[in-house]
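One chain, chain A, links the two complexes that follow: it is found with chain B in the first and with chain C in the second.
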Partner chain A sequence: MMRGTLRADGIKLSLEMTLISIRTSSSAWDPNARFLKLMGENRINLPFLCDAARGTSKLGTYCILSEDTPKAKRVIAADETLATRLEYLPYVGSITVFPHNFNLAFIGVILQLVGQSGAPLYGLATSISALTMITDFSRLEQAAAHLARHVSLPVNHSPFNPDIRIKSM
Partner chain B sequence: MSDKQLILVVDDDPDLVESVSMKLESEDYRVAKAYDGMEAMDRIKQERPALIILDVMMPRKNGYALCDELKSSDEYKDIVVVLLTAVADAVTSTSYTHMDGKTTLADDFIPKPIDLDKLMVVVKENLG
Partner chain C sequence: METIAVYWEENIRTYGIQVEKNLCLARADILPTRLAALGQQIADSGGDGADFRLILAHPYEPEVLSITMVFRDIFRERLLEFGARQAVKNLSRSFIIDFPVEMLYFHGPHFGDRYGIADMAGHALRKNDIRYIAMGCSAASVHLIFPENLADKARKALASVFQIP
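And then the complex of A and B:
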């Protein structure tokens, strides 16, 4: 693919995070709701949230910052029923490309490029503007560099890494 | 060249930029987008918008700094600047306003989270 064939306004990378997955096959009790309530009560920010369902099967995938992970684990461990339902994957990060302009071809090409960079895909979500992929934190820079070689970005593009942090106190 | 008025939307949250842009386009405005203060200044020089919807907290150059730069420039001081702020309760007036201990010459403000209908009222009032 030639540089400039695909245009984007920006690429952003996250800080290091932990991915938390919650699978459930019953509608009787929703551990996702309990998890979200605990995170909210304890002011633990969720930079990534994706809720997928098929029939009665449900998969919630969430990211919290690595620095919040010990606190989140303590909070979750106190709820034994919830604690057994969670899987943790540490050292992940997100790469976000925007805007997708509701173009499925854009999403396909970006996924292909990230795949070519060797980065695994643990989570994927789109919003009104952004396509966000979860991969290994150690592979973020490599994936962003590969994307930047193939995607046409504005000349004065913002830095890829975050330089503002907002935290609920 | 189109006679539709051009509005520049500046925020580091791409979802906010997109939703505001869609609303403005549905109201027959042209829209330019930028995701930080430096990128916004490039757009302003290239396209000279009639109004700028400008977030306060952004990377590289924040909204206060960009607003100050525009309002102290003979070339750009007539561009209407509407600040987006989550601390709107602290705003006491819509011109020469004090926020967070800072003084800004912004023409108006819109509190976050944004009510798109109220946003359109502010935009139309300021563009006459």
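And then the complex of A and C:
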């Protein structure tokens, strides 16, 4: 049972994205580094990144905007060694709840709500003030509505969907 | 309506690069179907001012959600107690604690909307042969977790490619 009222200043949903996973077992060559280099060189932004090592193995989880996916796939396909290491999951998106205030109970309740909503969790990362979760794009609205039913938001909070876009050229 | 603004930096500007030491890393591997149950356990443990420093999660294997949580050292005993709970054991495939670890984090203008930030950080670290345990980038923040005694070295390496006020 959730305790008390959870307060947040806002919930934001992303545009549609593609999730890219790179699994590495013991290897001197790191495909994650190559992937990051290619994305940077080709001006493709990664709005989400979660990369964790365990001994010599590693998993990198990245999101790119769906509109950048054809370009990213072309660039990656040109690097055969890298291309075989990647897995793509299209049609994902992110829900960002803020601020988390580094409050563990807040994170626990949000995880509980996301788990209850049935939306799959493909990635999660906290920033200095926000909690971002990756799930199916088709379930973003539903998951956000479920969160909004249990989270107290300011009366005049801004819309969940993005109204301003910033793109690095 | 479309508005185009041009912004250029010789060195990528940050709002500062922070280092925290003597941190405790906990990693729980759970079945994704047990997320709500783990959330409840975490929520129940989260009172009394318990604060985290970083949380990252992704499916390490198709049916394993790996959750990495970083805390200040003062919570190490509570983490051990948390991992020893029968309810947590029942829903985790594994629960490990790693101490001490160090964290470095920085953020900058519109980092979440700009390409090349993670590559530049990763390149600077590789060039100096500095390996990290985990990296998380979301919103305008970049977080890196290192084994003991590497965060200061990493800060120095990053200071050569990022602008620190």
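Everything that follows uses one rule, which is that the second predicted complex is superposed on the first by the 164 of 169 C-alpha atoms of A that agree within 3 Å, B and C clash if a C-alpha of one lies under 4 Å from a C-alpha of the other, contacts with A are read in each partner's own complex, and residues count from 1 in each chain.
One rule holds for everything that comes next: contacts are C-beta pairs under 8 Å (C-beta built on N, C-alpha and C of every residue); 3 or more make two chains touch, one makes a residue touch a chain.
Predicted, not measured: the structure shown is a model, and the values here were computed from it.
Of the two partner chains, chain B is the only one touched by A:155; chain C is not. Of the two partner chains, chain C is the only one that A:111 touches; chain B does not reach it. In the superposition on chain A, A:127 makes contact with both chain B and chain C. Taking chain A as the reference, the larger set of touched residues comes from C, when chain B and chain C are compared. Judged by the touch definition given at the top, the superposed model places A:10 against chain B, while chain C stays out of reach. When the two complexes are overlaid on their common chain A, residue A:43 makes contact with chain C while staying clear of chain B. Of the two partner chains placed around the shared chain by superposition, chain B is the only one that A:99 touches, whereas chain C remains out of contact. Comparing the two complexes, residues 96, 127-130, 166 of chain A contact chain B in one case and chain C in the other.
Here chain A touches chain C in the complex through residues 2-3, 21, 30, 32-33, 36-37, 39-40, 42-54, 59, 61, 94, 96, 101-116, 120-132, 166-169, going by the rule given at the top.
Taken in their complex, chain C has these residues touching chain A: 6, 32, 34-47, 50-60, 65-68, 105, 107, 110, 112-116, 118-120, 122-123, 126, 131-141, 143. On chain B, the positions that touch chain A within their shared complex are 12, 14-15, 17-19, 22, 33, 35-36, 38-39, 42, 57-60. By the touch rule above, chain A contacts chain B in their complex via residues 9-10, 96, 98-99, 127-130, 154-159, 162-164, 166.
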